[in-house]
Structures are given as C-alpha cells and as structure tokens.
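One chain, chain A, links the two complexes that follow: it is found with chain B in the first and with chain C in the second.
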Partner chain A sequence: MSSIKEHFVTPVRYKQWSIGLMAVGVLSLIIGFIMYGGHDQGVRFWAALLQNSVYFLLLVNAVMFFIAAVSLAMGGFQMTFRRVSEAIAASVIPIGFITFVILLCIVFGGKTAIYEWLDRDAVAKDPALNGKKGFLSVPFFMIWTVLTIFLWSFLGWKIRQLSRSIDDTPLTVAEGKKYIFKNTVWTALYIVWFGLTVASVTPWLWLMSLNAHWFSTMYSWYTFASTFVSGCALLTIFVIYFKNQGYLEYVNEEHLHDLGKFMFAFSIFWTYIWFDQFMLIWYANISEETVYFKPRLDGAYVGVFYLNLIINFICPLLIFMKRSSKRNWGTVTFMSVLLIFGHWLDFFQMVFPSPRISPDRVPLNLFDFGIALGFVGLIMWQTARVLSKYPLLAKNHPFLKESIIHHT
Partner chain B sequence: MQAPLRYESQVRTALVEGQKDYHQVTEDIVRPVEAAPSRLWWIGFIISVCCLLFGVWSVTEQVIYGVGQWNLHRTIGWGWDITNFVWWVGIGHAGTLISAILLLFRQGWRTGVNRAAEAMTIFAVMCAGQFPIWHMGRVWLCFFIMPYPNTRGPVWPNFNSPLLWDVFAISTYFTVSVLFWYSGLIPDIATVRDRAKVKWRKLMYGVLSFGWTGSTKHWQRHESLSLVLAGLSTPLVLSVHTIVSMDFATSVIPGWHTTIFPPYFVAGAIFSGFAMVQTLLLVSRKVLKLEGYITLEHIEVMNKVIVLTGSIVGIAYLTELFISWYGQNKFEGWAFAQNRVNIFSPYGWSYYLMMGCNVLSPQIFWFRKMRRNLTVTFFMSVIVNIGMWFERFVIIVTSIYRDYLPSSWAMYYAPSIWEVGFYIGTFGLFFTCYFLFSKFFPVIAIAEIKHILKKSGESYKEKMGPLEQMPVEEFAHEYAHAH
Partner chain C sequence: MAVKKFVVGVFTDEAVLFPAIGKVRSAGYKIHEVYTPMPIHGMDHALGLRDTSLHTAGFIYGITGTTTALTGIGWVFNIDWPVNIGGKSHFDLAAWIPITFELTVLFSAVGMFLTFLFLNQMAPFVRKHHFNLRSTDDQFTMVIELTEKSNAEEIKAFLTNVGAVGINLQEAETGWWIGRYDTDKTPLKHKGELLA
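Up next, the complex of A and B:
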C-alpha cells in the first residue's frame, strides 16, 4: 500500500475531450447566434443559454452543497473522495461568471421575450405585474444575482481552502476538534446562504419569473431537489472515472453504494416534490395556477412531461431499488449519466414552455445539446485542472480513517 | 490496541459515558424495570391518570350532548380539535425519523434515544386519532369510514377526500410504528425475562419475548426485519404529514391552498417531534439515572436537528408570506396581510407567537453552549411545542374566521371547557402510557447500545490513541488484513 497515487495527472485524451467539448459549445454558440440571434430578440438563443447556464451552475453548486451538508452532519464517509467533490465545486466560479454575463445580457439587453416583467408597457397595463414590480425589477434582480453568485463562490472557495490548509500538518485530537469546529462554522454559513438563495429567492427570480404571472410556493424546493439529484450523479461519475484511472485507492463499493443511495433517495424526494406541486394544483383547479401545466400536460410538451417522469422517477425507482445495482460500477455510471440528462430535460421543460418563449412548439434540437456539451467540457476541464493542483487525499482530515473503513 | 474495524475518530465525542462494559450496560438500563417505582414516578403517574379521566369526562359530555358542546360553528367548523389532531400527529414524527431514516443513515447516536422516541410516536398517534374519531359526533358509526362492501346502499366513503387518505395513512403509520418498536423490544424483553426472579415476571416477559434465544439465526432475522421496516417507514415519515397537510392544501381556501404545504408540514412535524423527545428524555435521563447513555452529545445533536428544521419551517413561512403578495391574489393577500401579519387583528398575536417560538427562538441553538445547556434545552423544547401548536391554530383558524361574506365573520373563537378538557385528556393518555412504558420496558435499546459500545463507548475510545496516531497508509494496510 505504499504506492498510492497522491497527485492527479490529467490524461491527454481527457484533456482533448474536455477541450473538444468546449469547442463544440463555442461552435454551437456561434451557429446558434447566427441562426436564432436576430429573430424575435433572439429568444430561442437566450432561452437555451439561460436554461443551460442556470442548470449547470446549480448542478456544480449542488456538489458544494453536498460537501457542506455532509460536513455539517459530521459525516465521515465523504473523505476518501472529498478532493473530487471540491474540484467539481470549483466550477461554481467560472460557470457563475458565465451565468452572470448571460443574465446581464438578457436583463440589460431588454429581452422582454424572455422575461415579460422587463416589458415596461406590459407591466404598466397589467395590475398583477405592476403590483409586484418591486421584486421583479432590474435593480433587485441584479443585486440579488451578484450576491448569490459571489457568496456561493466565496464561501465555497473558503471551505475548499480550509480543507487544503491542513495538508502538511498532522493534527492532534484537540486540534482536530478545533478544525472540525472551524469547518462547521463555514459550512453552516454556506448552508444558510444556500437556504436563502437556492431554497427560496434565486429560483423565483431566475426561473419562476419566466412565467411572470404564475406562482408556486414549492418552486424553489423543486429546483433544489432536481439539481441535488443531478449534483450527486455528477459527483459519482467523476469518482468512478478517477477510480477507473487508478486513483482514489480508498474508494470502494461501500462509498459507491452510499452515493447510489443518495441518488435513489433524492430521486424519490424529487418525485415527492413534483407530485405535491402537480397534484395540489391539479386538485384545486384554479386557472391562475393550472396555466403552468397547460402547455406541459395538454400542449406541445406532453411528451417531455412524461419523459421527465420516466427518466427521473421510474428509472431510478426500478433500477436503484436493489442493493446490488447500487454497488455495480457500470449500472451506477449509466444511471448517473441518465439522471444528469433527465434533470437537464426537467430544466428544459421549466424554461421553454413559458408564455413568451415557446409555449406551442418544442424547439429542442442539436443547438441545445451543443451548448450543454460545452458546459460539460468546461466542468471536465476545470475539475481536472483544480484536482491536479492539490493532493488527491485530504490525508490529515480527522475523519479520513473512518472513511477508509466505511461500511454502509 | 483495538482493531481498525472498530475505529472511530477520537475527535467525536463518546456516545456512552463512563467505564461501561456489556454487563454494566444491562444493569444500568434494566434497573428501573426491576426496581419498585419511585415516589416521583407515582406522582407523575397519578397526575397523568387524573388528566386522562378529565378527558374521558369531557368526551362523555360531548358524546351525550353532541358536538354542540364544543364552540365550533358554521364559520369556524374546525378549531381546537383539528389543531390538536395535527399537533399530536406531528409530534409522532420524530420517533419514526430516528428509528428509520437515521438507521438508514447509520447514525450511531440514535441508539440512545430511539426506543423512547418510538414509544412516544405510538402514544402521540394514539392521542391524535382521538380527535377525528370523537369529532364525528355519532362515534358509534365510526366504522363507516372504512371502505368495505356494505348494505347501506352501498354508500362508500369519498375517495377524493384527503380526510379518508388520512385514515389510511395514519392507520398504516401506526401499524408499522408498533411493529418497528416491538420488534426492537424483543431482544431486550428477553434480557429482562432472563434476569427475572419472580414467576409472574418470568411468565409475562417470557410470553412477550416470543421465545427469543439470541441465536445467530434470530439476530440475522432481526437485522433484516429492522432494515425492511426501516425501508417501509421512511416513506411513511413523509407520507403521513403530507396527507395531513393535504387536508388543507387541496382546498381553495386562502391561507390553506399552497403547494409548499406537504414538505413544510413534514419539516414542522420533525421539529415538534424532536422538541417532545427532548422534553421527555431530559426528564427520563434524570429520573432513571441514564445520563451515561443519553449524554449531552445526544442532546446537542437533537438541538441541531431542531435549529435545522426550525429554520426550514422559517423559510417555508416566509415563502408563503412572500408568495401571498407576489401572487397578487387579493384573497390570499388578505389572509396573510390582514388576518395574520396585522398584529391588531383578532388573531394577529398568534401569528407572532408562532414566528417567535418556531423561527426566532430556536436560532439560539446556533451556539454550542446553548445546545449543551439543559435548562435552556428544556425551556426551548416546551417553547417549540407551544409554537407548533400555534402554527396549526394560525393555519386553521385565521384562514377561516373571516369568511368571504363579512356577515359570516366570526371574530372570536374560544374553546369550551370540554374542548380544553379533551385536549388535557390526551396529555393524560400520552403520559400515562409513557409512565407505564418506562416502568415495564427498558427505555433505551440495550442491544443497540451494545452494538456501538466498542466503537463509541468512552472507555473504548480512550484506547484508540495508537490507531488515531497511525499513518494513513499503515492504517489502511492494517484494515485490509484485519479480521
């Protein structure tokens, strides 16, 4: 056991793939701009950018949430792959920046075809929109967006830095306790901010306001559930990949099993949230609420509506139910890819059927996939870049040994 | 030196304090069962039975003279009784969460508190069930709620009604909780049986332990049963309060109809359940001298759960409040702005009481000193449950007391003595059951404590120094070759 690989060296093929995918993204961006950029405020183009950037930002941020939540619960099992989670979470900074630029362009570009509330005339004529213009306004939107992305980035960075700060200094038990306390303080701050953003205000602003008249108190928790499942899936894929490359010696089926359990449990949680939101709106049958499901259930998006449920509920329910499937590297890899795609599709159906975007037609084509692949490439590139800079094992962390002997 | 298989970081606080071995654990936990009840126990028990009898009297009055004995009327058709119902059901949730979800999460600290919490769940659900049953008025026809082929037309219960879903949800929940609790008790009952010196004790505990011998086969089956029941209970933790929330949320009443209700009710239920567990265990550990098993660490962890769930509930309150404005629906806006937030409205005070008790006051538990302070914890555990009672009162009464027609407004609703008496009676029922439980059964799961003793027991942890100091690679090597 003396030859554990302490540093990750990015394989050439991996690098080529990540750069290739980013190139696909940039190419799609250019082609998309040429094809859709000039038509109707470029709504098709900007909506795709909005969907993808927000989805992938929330996805990598969910990995940061995973670190924070498990740390706060004093969970030891994450330690054998903690550096992988940290490296993925480092993507919050570049993708946060990209998302910010996209939102900036939409809001300051006056894209009223995306956000109806940007349309001053419509707001003035509409008592409902006029009534909430204090919230749905450019200044508030931008201030909250800046705060959201900046604090996610900063607090995440601080927690990752804290993790690396003990790499060269073995801790005594007393120092270990102090260290854990310090970690708890920062992760708690992160979780509080996460609660105020992802679990409440931010999805209202970025996504729910695409349907400026519609509202649902569940919306933000729904967004959280969706991205947390896919965040766990993303983490799992990377863990499996690095394990396959001969790194992460201490990760074994027990850790895989637990990651599988997370995906399984939170897929059911997502379904629970989905069902509550849908069922309560369906049951009460009030037109101001059912309007949201009209294009999704009765209109063009009906296929996406059911596909969403099949991929994100039926598949994990049936496939992940068995213990052995959560311990099978192949099955877990397949499911992780499927769930990341499934929740991407979920975000697609959250964005595109909005009244001013494309309520009557499903515009899904290669352009959307191209943009998505660009983000995938970026996450791959950034994760490998960060991972190769620091030791692969947080070897002085007080809980590392627990993680080595972890039994699920 | 201990083998790495039983290693736990020394940074973690021990879960069993003192120099305990297996035998000592049995001695400590079985002692209250074998000893004669203390004077304190008798006092508590008699008070509980008196409350219970007052409840029986109140219910008898109501059965004889009808639901008119309560101060409900056409505008406020649901008042104290449904508030109490939801409150008790909510309290039950902590037990299932601890026994099921924390078992799946492999949380070692649950072993100190799970037995009492599960018992509490069962008693709380029993109390909750009383309210809808007696509210039926003609309670002798209560079997009408069960759907079975009948000669009444046939008349079926309304399957579209969440109240009927409640019947299924709660009865399932009760059944599974009892099974879970009892199957966990069997090895411990066998321990009491084996130690019994009096004939009737031997017989009673012998029958109750179903012939448990502690063979490997028995343990194997016991473990798989626990896992299966944990798997079954996990969705039940969510489903029961979800369906209770749907009693309100499926309607179109402003203040009731909102999509966040189900998960927010579940979070609130866990919140109040943990508060009740704290109340009970702080007393139990003192009276039964179990401080070495229900340690400050346990109390601290539960306080963390309280601040977490309290804050989740807080986010939900604020979300509701915000969307009532954002939605720009005049009726929804009124329900919040005038009936609740307006402190000068007839029930405005109750909204602030709810906010203060459930959202603001638990924030004190961000501080470690407060989490480990017994007086503060006890005080807070009561405050939280007062707050959670008012949450249900706020939701129920402030949403309906001002009807769409101002002529139907009913500005002041106060319970009659029989409504109050019924509520006191359920306290009597709850504590009578709890006192009997703590007398006749071990309040801590002996077998489960033994399971974690060599890993999390103080005396064993002290010996883990060499493992703690060992370099990681050597440790991994040792582990790979350990048996």
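Up next, the complex of A and C:
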C-alpha cells in the first residue's frame, strides 16, 4: 500500500497548458468583442458565449450527475476515481458564475436578437408569445437561472464535502451504513433538482426559447443526453490522463470498460431522443413545428446536421460496439475527444440556426473554437487545483473495496 | 453425449471456492463445470473460459433483423402496394426507422435467447443431469471429470484439502436428452455417497 500516490502534484506543463488555453479564451473574447460586439446587438458574439458557457456548464454538471446517479444506485465501481469526478464537478461553481453573468448581460442588455421574447412590442403583437408571457419573461427567467446555478453548486458542494469528511476517520460498519444513507439523501436531493432543471425547465429557458415560437417536449431530454455523453467522455479523459501520469493505481481496464459502456449506451440514448424529436415533427409536417428543421435539414446547416449524426451516433455505434475497443485506452481516449467535440457541435447547431441569430449562414470560425478552448482551459485548471488539494483516494469509503476488485 | 465419471465437490463459501479453482486447475485436474446459485463476476476468468461469442451471434441476428425490415417495408411500399401516405415519398427511410429498430431488437433478443438456451442445453421437455440440486439454492458445486490419468481417491483428498465440505462420485450423462424432470426414468447410476 505504501506505493500509492496519495496526492496529485500538478505538472508544470499541465499548468502552462491550462493557463495558455484560458489565455486563448480571453484573447478570443476580446477579439470577438471587437469584431462582432458592436454590430447588430453583438448577436454573433453573445450567441457564441451562450452556446459555449451553457454547454460547458452542463458538461461539468453532468459529471456531478454521474456521481449522484451512480451513488444513488449503490454503484461502488466509481470509488477508485471518485475524486477525479468530484474535482471536475467543482468547476460547476466558476463556470456557473460565468454563465450567469453572460445570461445577465443578454437579458438585461435587452439582446432581442438572441431572445425574441425580450422584445416587448413583438410579444404584445404576437398571440403565441403573448400566451407564453408568464414563462418567457425576465423575472421567471432570472429567478429560475439563479436557483438552477445556485442549487447545482450548493448540492454538488455538499456531496463533495460529505465525501471528504471521512478522509481521516475510518468508519465502523454501523457508521458506514449511516454514512451511505446520508449520502443517499443528498444525492437524491441533487437528482430531484437535476430532474427539474436539466431534464425539464432549464434547457427550455436557456436554449429552446431561442426559437420562441417553437417548442418540443423532447428538447430537455435531448440536451441532457447530449451533455451526459460528453460528461462521461470528459471524466474518462481525465481518468486516463491521471492514470497515465502514474496516479489512480487502482483504476484498470474494468473501470475503463464501464465508462466506455456509459458513453456507448448514452450515445444510443441520445440518438433515440434525437430521432424521436425529429421524426414526430417530420411526420406531422406542420409548418410551425418544421420551422426548427428548415435551416438545419434544408438550409445552410445541412452539413453540420449530418456531421452531428455521424460523429455522435455512427462513430460510437460502430467503434464502441466491441468489448475490446471499450477496454483499449487509446480507442477510448480518441472517442472521448470526438464525442466532446461532437456534442459541442450539437449545441452549436442548437443555438446558431435560430431565426434571429444566423439561419442563413454557418458562422463557425476560429472565434468559436477559441472560446471553447478557453472553457477547456478553465476546466483543466480548476480540476487540477481541486484535485491537488485533497487525497486522490477516498480511502475510508465503505464501497472502496468493491471498486478495487471490480470486475465486469 | 457420453456417460462419464465425475468427482463432485461441494463448497459453501465463494471465498473458498475461488482459490480452490486456481489450485485444482494448477494441479492439472480437468474441471468439467462449476455450478453456482448466482452469477459471480470473474468466475469465467478464474475458470480460464474464453469470451463467449454470444454477442457476435447477437450482432448477426440484429443485422438480419435490420435487413428483413428494410427489404420487407421496401418491397411492400414500393413494389407490392405503393400507397400515398401524407404526400411522403414511397422510399422514405425516416418513417421506416422505428420498425427497423424494433425488428433489429426483436431478432437479436429472440435469437440470442434461443442461442443461449441451446448453448446451455436447456429447453422445455429436455432433461440434463444435475450434480447437486442445492447449487440452485445455497451451495457451490465444482465438478471434476475423471480421466484415465486421474484417480478418484486422489481427487477426493485434494478437494477436502482445498476446502470442499461434501464430496461424492457420480456417473452421469453430460449432454441433454428428451425427458421430463418429474416423470423421466432414464437409468443413471447415481453414486451419491457423501464423504464429509
């Protein structure tokens, strides 16, 4: 046991990379603001910020969901790399704050080019928007956003706190049972709030209201599936990275296999939801519903639309189907990076073709990637910072042994 | 399909069974099968079994289902009886996907289920020898085949050493045969003298 490395020491190159990426993000922000900020309410600029901040917030929050869901299912296999997922989930706080500031700027800056429902004159004239006034309004939007981000941060912090609280105190069996119960209560609270936010209201407000007239009951599930796949991918990349650096001695192919299965299964789930939403609208063929797919399937975004499907469905289906590929460190790393990019692209095509943003032209350029890299840098930096503060192994957790002898 | 002789060791603890399997295998005895009341992770690995190819069979059944659905629907809607449904084109993949998906799942599920039964030699009105009925309840049963190179007494002693709580000698049919558990009278020499 003496050979276990208990503490993570951030390598210098890692630190340089994360700071460099954040610098790229800040630079893109400044250049983007100069290039697009003044023109037409800065819609290009704010839409990119909205897409990236919401995507990366939901991404790190999905890692928190991973912890909560696995804990709630009494899944012991996560214990060997639990501290890594906790460290990633700690990014919910800074990215949540950034997202909040961006939403604040959009809503109180009166960016009607982003959210049509901010335009009072248009809402008054439009019976459809007028009918949604109670829901799509500044007070409801802001209160729900504050609650969402605050409770994600707080409940996540509480669960992480619980995990660290037993680091120095070995538990007896009775205490262990009590501890697991307490854990179950908090993770259950988190899951309930997660269900009310990511799986229902929050994506309606943040993303679906970009197409204020259009609605889909599948939308939130679609968002959830998308971010959960990429959240698992993010977790896997970090686990593999730390394993490569010589940490996480107890993580082996069995754990990798399970993470791969999560990505594979939820990629299929994503496709299922994606297709449900698409087919019902396509089949009914009612113009107020098909308006969503007009620019995507029949306009400028057709390339992005099919690329999205190939990256997020065909690739995981064919590559992850075999057992041996889910147990291969290289293949899983490659697929994780691909899936994170694929779902980033998915969010891109959720935001940009909206009627007031850019329905006729795909505006994808280096600016978008710069902003995305900035967020990646932030996640890298925050993860390493939190991970180096606490022991790498939750050594007193009752389920630790189960994870060490884990066998799929 | 042959009647063979077996030494049957009964264990009550999984933690004893696992090292016992390793010892028996390294001693060179031929383990016919290990029966456990519940699935145990890592057992196939301990027994040195190769990965099952059931999933490959599942993939083939799935592909068959996909092909059946696509050719079936394609033939019906384009050749046999083209109907104008809501102005959609006759060859419209999006509308076919739900049924294609269902048939893929159905074919692979039913196919894998039947293959699984076949591989395990289980079916209605078919019988197979049970070495120890309590291995469906609370005991773990290790069955070692008696070859001309091995000696029953030696194996018995070995099994007692590695922690078996009950050992007996049985002569049994290895395959399956038509018959029922309640009425079947197929003659079998059960020599169930318990030693310990």
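The rule is simple: the second predicted complex is superposed on the first by the 407 of 408 C-alpha atoms of A that agree within 3 Å, B and C clash if a C-alpha of one lies under 4 Å from a C-alpha of the other, contacts with A are read in each partner's own complex, and residues count from 1 in each chain.
Simple rule for what comes next: a contact is a pair of C-beta atoms (placed from the backbone, for glycine too) under 8 Å apart; a residue touches a chain by one contact, two chains touch by 3 or more.
Since we're looking at a predicted model, the values are computed, not measured.
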Side-by-side fit of chain B and chain C on chain A, or clash: clash
Which of chain B and chain C A:365 touches, first, second, both or neither: neither
Touching partner for A:288 - first (chain B), second (chain C), both, neither: first
First, second, both or neither for A:388, with chain B first and chain C second: neither
First (chain B), second (chain C), both or neither touched by A:16: neither
Which of chain B and chain C A:244 touches, first, second, both or neither: neither
Touching partner for A:161 - first (chain B), second (chain C), both, neither: neither
Which of chain B and chain C A:408 touches, first, second, both or neither: both
Residue contacts on chain A - larger count, chain B or chain C: B
Chain C collision site on chain B, chosen from 61-69, 97-105 or 205-213, when both complexes are overlaid on chain A: 205-213
Contact residues of chain A, present in both the chain B and the chain C interface: 283, 408
Chain A - residues contacting chain B, complex: 1-2, 4, 74, 76, 127-128, 131-132, 135, 173, 176-177, 180, 188, 192, 195-196, 199-200, 204, 215-221, 249-250, 261, 268, 272-273, 276-277, 280-281, 283-284, 286, 288, 393, 395, 398-402, 404-405, 408
Complex contacts: residues of chain A adjacent to chain C: 275, 278-279, 282-283, 285, 321, 323, 407-408
Touch list for chain C against partner chain A, complex: 41-42, 45, 51, 55, 59, 86-87, 94-95, 97-98
Chain B - residues contacting chain A, complex: 4-5, 7-12, 104, 106, 235, 238, 242, 246, 249-252, 257-263, 311-312, 315-316, 318-320, 323, 325-329, 366, 467-468, 470, 472-473, 475-477, 479-480
